[in-house]
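Take a look at the structures listed below.
Both of the next two complexes hold chain A, though its partner changes from chain B to chain C.
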Partner chain A sequence: MIFLLKYFLVSHIFFGLLGIIFFYAVLISGIKQINFQKIKFFRRSALFGFLSFVLSWLTGGYYYVLYYGAAVKPTIIAGKYPWAHSIFMEIKEHIFLFLPFAALVITLMFYLFWDNLNQNPKIKNSVIALSAIVVIIGTIIALMGIIISGAVR
Partner chain B sequence: MEKKFRIIHSIICAAIAAVIFVVVITISANIYLPIKDWLKNVFTQHWIGKSILSAAVFIVIGIISFLLPIRADEEKIGRLLKILSWLLVVGLLAIFAFFIYETLK
Partner chain C sequence: MDFLAINKTLHIIAAIVGVLSATAEEILYFKDIKDGKIDEAEARQLRITYKLMHWCLIILVLTGFGILAAVYLKYGGTKTFYSPVLWVKYLVVLVLLANAVLIAAKKISMKWASSISLTSWYFAYALGALSGKIREIKFLVDFFSQFNFIIISFFLVIGYIAAIIIMVQILEYIKKLMIKQ
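Take a look at the complex of A and B:
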């Protein structure tokens, strides 16, 4: 693997995990009780989480298209654990596409709807629930990445 | 205030459409291979095609729902957020079930 592709793979993992961490911060702070003085924290965490997922999408896509399909996939398919690709990689690459859209909705809710979140606990709880789903999907994707990496060895 | 409500309303509608599109194109392209071939021919790789088209669906539906004369209020936005959350869960389970079935059949 050339240096640039290694860099993209590491960046994909790094930004993906960073996105999960940012939305986990939003989730935990929201569950405790939203401190409405912490407007900057919620806005920045969600924005950085969204940007991290976009960067993970771009770097992961670059690696997947240029290297995974040609070099890694055949090795997994011919190995002991072909289901690592046919189940986990297929699921991972497609459910990932949910994350940037859901993350953008949460980010814009904090930027444009802050006053309403403050006054309407139902909408606040819906945003927190959406953050929880983003964290859960992100974690599932990360765990699948570990399974896929293990199947190559 | 009204404009802010409409922006949020249209963004959530766009996200709902994008999630539905991802699930439909993922399953249909694996069942009906000409769709996968078309994605490969047009976008060089099927996943790139799905990525670009899902972003395009998000943008187009976002613009259309913003331009439509729909009254957006807190109640509607709350309802749409719940629909988006449920769709993410259902979409996740549908993709899981589909690829497990495809592998085991």
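Take a look at the complex of A and C:
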């Protein structure tokens, strides 16, 4: 594996985890009782979380297209754990696609509809629920990554 | 120092600081409730230890994945990735994170929340420390290799749940003693 691809793989993991951490921060702070003085915190956390997911998306996508399909996938399919690709990678690569969009929705809510969040608890609860979904899906995707990597023997 | 060594070092430091801050939080909490209430200065101290635990958890998760990435880049997929100890450690970290969400949402009593937090920190630390030691002792490696992933995971999870229940009793007993004094 060339140095750039190694760097992209590590970046993919790092930014993916960072995205989860930022949205976990949004979830924890939002669940307490939204403090409307903390507008900057919510906006920054969501924005950094969204950007982290986009970077993870790009670096992971680059690695997948250029290296995984040609070198890693055949090794997994021929190895002891072919289901690591046929089940987990197939699930991962599809769920992974919409994570940045869900993150973008939350970010836009904090930037464009802060007043609505302030006035309508239903909207606030929906944004918090979406943050929880992002954290849960992100965590599942991260754990699937371990299963897939472990199958390359 | 290579990528693997940096991650391992940071992981160990974060684990030690995390365990110490979880312990410090309990000690401070027991000290604070002696007079039956927690004032602003005491609450500030507790918030500092709580924040410290959060930061340690973040570093632990990042470096934990960093270690796996480094192992993968160096050796490819290894047995480590499918180790029951690793997956039970992840389960414990997920319980810690869910515990923090439940505390924030006020959906869990402090009696259970503090026991889960303290037990989880020590349990994850013990798993990390013991698994390293066990790998060095051939007799234990042979013994554990008889059992499959599910059996080892099952017993570890049972042990974890039992440890939480025991911790609830211990902390409640200490709390009663402190309030009596």
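Simple rule for what comes next: the second predicted complex is superposed on the first by the 153 of 153 C-alpha atoms of A that agree within 3 Å, B and C clash if a C-alpha of one lies under 4 Å from a C-alpha of the other, contacts with A are read in each partner's own complex, and residues count from 1 in each chain.
Here is the rule we go by: contacts are C-beta pairs under 8 Å (C-beta built on N, C-alpha and C of every residue); 3 or more make two chains touch, one makes a residue touch a chain.
Predicted model only: the values in this text are computed from it and were never measured.
When both complexes are overlaid on chain A, chain B and chain C end up sitting side by side without clashing.
When the two structures are aligned on the shared chain, A:S149 is found in touch with chain C, with no touch to chain B. Touch criterion met: A:L17 reaches chain C, while chain B stays clear of it.
Contact with chain C, but none with chain B, is seen for A:L27 once the two complexes are overlaid on the shared chain.
In the superposed three-chain model, the partner touching more residues of chain A is B, compared with the other of chain B and chain C.
Between chain B and chain C, the minimal CA-CA distance in the chain A superposition rounds to 19 Å. Overlaid on A, the two complexes show chain B and chain C touching no common residue of chain A.
Those residues of chain B that touch chain A in the shared complex are 4, 7-8, 11-12, 14-15, 18-19, 22, 26, 44-45, 47-48, 50-51, 54, 58, 74, 77-78, 81-82, 84-85, 88-89, 91-92, 95-96, 99-100, 102-103. Taken together, the chain C residues at the contact with chain A in this complex read 3, 58, 61-62, 65-66, 68-69, 72-73, 76-78, 80-82, 86, 90, 94, 97, 100-101, 104-105. Residues 1, 6, 9-10, 13-14, 17-18, 21, 24, 27-29, 31-32, 132, 139, 142-143, 146-147, 149-153 of chain A are the ones that touch chain C when the two sit in their complex.
Here chain A touches chain B in the complex through residues 57, 61, 64-65, 69, 83, 86-87, 90-91, 93-95, 97-98, 101-102, 104-105, 108-109, 112-113, 116, 120, 122-123, 126-127, 129-130, 133, 137, 140, going by the rule given at the top.
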